[in-house]
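In what follows, structures are represented as C-alpha cells.
Here subunit A shows up in two complexes: once beside subunit B, once beside subunit C.
After this line comes the complex of A and B, so read on.
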C-alpha cells in the first residue's frame, strides 16, 4: 500500500472514531434543522399549493445550510482540544491525505444531516398532495454538499490559525457558498416545478453547480497543504 | 547535535526557549537563519498540551500516532508501555476517554507516545510537568536509555533533577 493510501486509511478511520465518540456534534445540527422545519411548518400551514414547492425547497436548503454550517465550524474541534492539530503537523502527513480524510468524514456527516433534514421536511409536508420526495433533488443536495464541505473545511483550517476567527468565518463562508446554494435551489425548482431531468439541467444550473464544486474542491485541496504544513 | 547528546535549553521565563524549540520542530518559521536535519523525523512534546484526542481511549490514541508514523505497534508493545507508565488497567487504557485522565496521567500518556515512537530526535518542552516521583524516575530512565541507544534530545525543563545526569550541553537564553 502506498504511503498516501496508508495515511488516508489511518486518518479517515481515526477521524470517524473521533466523530463517533462525539455524537452530540451530529445531534445538534439535526436538532437545529428539525426546529427550523417545525417553525416553517407551523408558520406556513395551511399553505397555498402553488407556493408550497418553493417554500419546501427554501426551508429544506435553509435548514440544511445552517445545520451543515454548525457542523463544519466544529470540524477541527477534536483536533484543537488538546492541540492534537499541532502534533499532527509535526508528524507531517501528506497534506492531500489529511485533507481527503477530513473531507470524507465531513461529507459523511453532511449526508447524514441532509438525509435527516430532507426526510423530516417530507414528513412534515406529507399532508399536501404534491410529491416532493425526489432522488434528483437529493442528488443536487449532495452535489451542493460536496462544494460547501470543501470550502467549509478549508475555512475551518484557516480559522485555526487566524486571530479574528469569529468574524472571519461567516464573512468568507456565506458569500462564497452563495453561488453553490443558488445553483442547487434553482436546480431543485426546475426538477420539482418544471419536471426537468438532471441531464437537461447540465447545461445550466447543474453545470454551474458542478463547476463551483470542482473549483472549491481543487482550491481547497491545494490550499489546505499550505495551511497545515510545517515551516 | 550528535547521537547520545542531550541539549538542555535554560533561561528565564519569556526568553525564547519554547519559541526556539518550536522553530526546530517546524511549527514556527525563523525570522532568519536555518536549521538542517540529517533525519527530519522527530517526536515533539509541547509544554501546555499533550496532543491527545480527548474523547477516545489512551490505547486508541497511541495506536493512531503509531500507525501514522508507520510504527506497527503490537498489542504486547502497547500493553507493556502502558504498564510501565502505570496506565495498564484495561478500563483506563481501553475504555476511559482521555478527557477523564488527571493532568499527570495525560502527561504520562504523552511520554508513552514519545517513548513508543522510536524516533531518534526528541524535542521536549517541560516534559515532567505534573508527574509524580515514580514517574520522574521512570522518565529519567527512559531518556537515558534513548540516549544510550544513539538517540538525542533537546529538552526544556526548569526542574533539572531527572535530566541532570544526561545533559551533555546547555544553551542558555537571556531575557
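After this line comes the complex of A and C, so read on.
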C-alpha cells in the first residue's frame, strides 16, 4: 500500500510537471472548445428563447466533449516520446498507480476545459434574459468527466500500437461515451428547464450517469494493466 | 471433405431459417393494427436477439477468456462473433427501417433504440478495423479483448433504451412484467424463429471461425516456407 501511494504521488507529480512544461498541449483543447463555441453561437443566433436552454446545453457539452477528446488522445504522447514504455520494462510501476496518476492529471486538465467552456458559454449568452449559470450543471459536467476521462485514458492506451490511431480513436471514443454524454445532457435539461434538484434526479438520469461512471472507472482501472503488459 | 461439411452446415442452417419463416407466414394471424407488414418481426426480432444476445454473450465470454489465457485461437473466436454480430445488427437495422417506413411513415428517425443499435454496428466495425490495424501478438489479443468487453457494456443500454427514453419504438412484448401482450400463435412462431436463427448464427460462427483458423495456418505455413 505504501509503495502504491509513493508511486502514485511521484507519478502524478511527474505527469503534472510534464504537462505544465508543454503548455501548448494544455491550451490547444481550450482554444479548440472556444472556436467550436463561437461557431455554434454564430450558427444559432439570434435564437428563440424556448429553445435557447436546450441549445446552450448541447453546444456547451459538445464543445467540451470534442475538446476533451483531443486531450485524452494525446495523454501518452510524452511517455512515448521519452521512451517511457521501454524504460518501464525494467522498473515496472504498479499498473493501477500508473493509471490513477494519469487519471488524476487528465481529470484536472478536464476540469480546466470544462470551467473555461462553461464560463465562456455563460459570458456569450449574457444578452438573453435567462440565467444558465448553475453549480448543479457544473457538477453534472464534472461527473460526466469522471466517466469519459477513464474511458478516454483506456482507449488512448489501446491506441498506442494501432496503425490508424487518428481515425480509430474518435471512432471508438464517440460511441462508447454516448451513454455518459446523454445522461449528462438530460440531467442538465431537467435542472435548467424543469428546475429539478440533483437529489430528485438521483433515481433517474443522475443515477444512470453515476452507474456508467462506476462501470467505466472500475473497468478501466482493471483493464489498463493488461494493455501495458510486455509481449 | 472439410469444405463440403461446411457447405452442408450452411445449407442446413438456411433450411432451418426458411422452415421458421414458412411456419410464421402460414400459421400466424394478421395483426389487427399493422396488417401483414408486422410479419417482419419474424426476421427483425430474431436477428436482434442473435446480435444482442448470442453474439454479445459469445464476444464477452471469448474476450474475458482472451484476457485470462491469451491465444490467437481465442482472438479468432472473438472476431468471428463480432463478424456474425455485425451481420445480424445490420439485418436488424435494415428490417427495422423497412418496418418503420410502414408504421411510423419514415425510413429512419433518431429514436433511442435505433441510435444505440446503430452505435453498436459502428463499434463492431471499429473492432474489426482495430484488429486489422494491430500486429499479431499477445498485445493485439489483449487490446481486442478489452474492446470486446467495452462493446458488451453497450448491449444493456440498447435493451433498456426503450424504457429509459420515451421513444417511438414499441416496448418489449416478449419479456414483460405483468404478462405478455402478444397473441399465443404469434409468440410461439417468434420463439421458434429466435431459436432457429440462433442455430443459424452458431453455424455461421463455426464456419467463420474455421476459416480464420485455416487462414492463420496458411499464413504461418507460407512464412515458414519462406524462412
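Throughout what follows, the second predicted complex is superposed on the first by the 223 of 231 C-alpha atoms of A that agree within 3 Å, B and C clash if a C-alpha of one lies under 4 Å from a C-alpha of the other, contacts with A are read in each partner's own complex, and residues count from 1 in each chain.
Assume contacts are C-beta pairs under 8 Å (C-beta built on N, C-alpha and C of every residue); 3 or more make two chains touch, one makes a residue touch a chain.
Please read all numbers here as calculations on a predicted model, not as lab measurements.
Student: Kindly classify A:223 by the partners it touches after superposition: subunit B alone (first), subunit C alone (second), both, or neither?
Tutor: Second partner only, subunit C.
Student: Could you look at A:78 and tell me whether it touches subunit B, subunit C, both or neither (first, second, both, neither)?
Tutor: Touch partner of A:78: subunit B, not subunit C.
Student: Quick check on the superposed pair: does A:175 touch subunit B, subunit C, both, or neither? Answer first, second, both or neither.
Tutor: second
Student: After lining up the shared chain so the two structures overlap, which partner does A:17 touch, if you call subunit B first and subunit C second: first, second, both or neither?
Tutor: So A:17 only meets subunit B here.
Student: Once chain A of both complexes is superposed, is A:154 in touch with subunit B (first), subunit C (second), both, or neither?
Tutor: After superposing on A, A:154 lies in contact with subunit C but is clear of subunit B.
Student: I'd like to check the shared interface: which positions of subunit A are touched by both subunit B and subunit C across the two complexes?
Tutor: 231
Student: Over in the complex, which subunit C residues touch subunit A? Could you list them?
Tutor: Per the touch definition, subunit C meets subunit A at residues 67, 116, 119-120, 122-123, 126, 129-130, 133-135, 137-140, 142-143, 145-147, 149-150, 153-154, 157, 164.
Student: Using the touch definition up top, name the residues of subunit A that touch subunit B in the complex.
Tutor: Answer in residue numbers: 3, 6-7, 10-11, 14, 17-18, 21-22, 78-79, 81-84, 86-93, 230-231.
Student: Considering only the defined contacts, which subunit A positions touch subunit C in the complex?
Tutor: Result: residues 151, 154, 158, 161-165, 167-168, 171-172, 175-176, 178-179, 208, 215, 219, 223, 226-227, 229, 231 of subunit A touch subunit C.
Student: Considering only the defined contacts, which subunit B positions touch subunit A in the complex?
Tutor: Contact set of subunit B toward subunit A: 23, 25-30, 40, 42, 44, 46, 48-56, 60, 64-65, 67-70, 97-99, 106.
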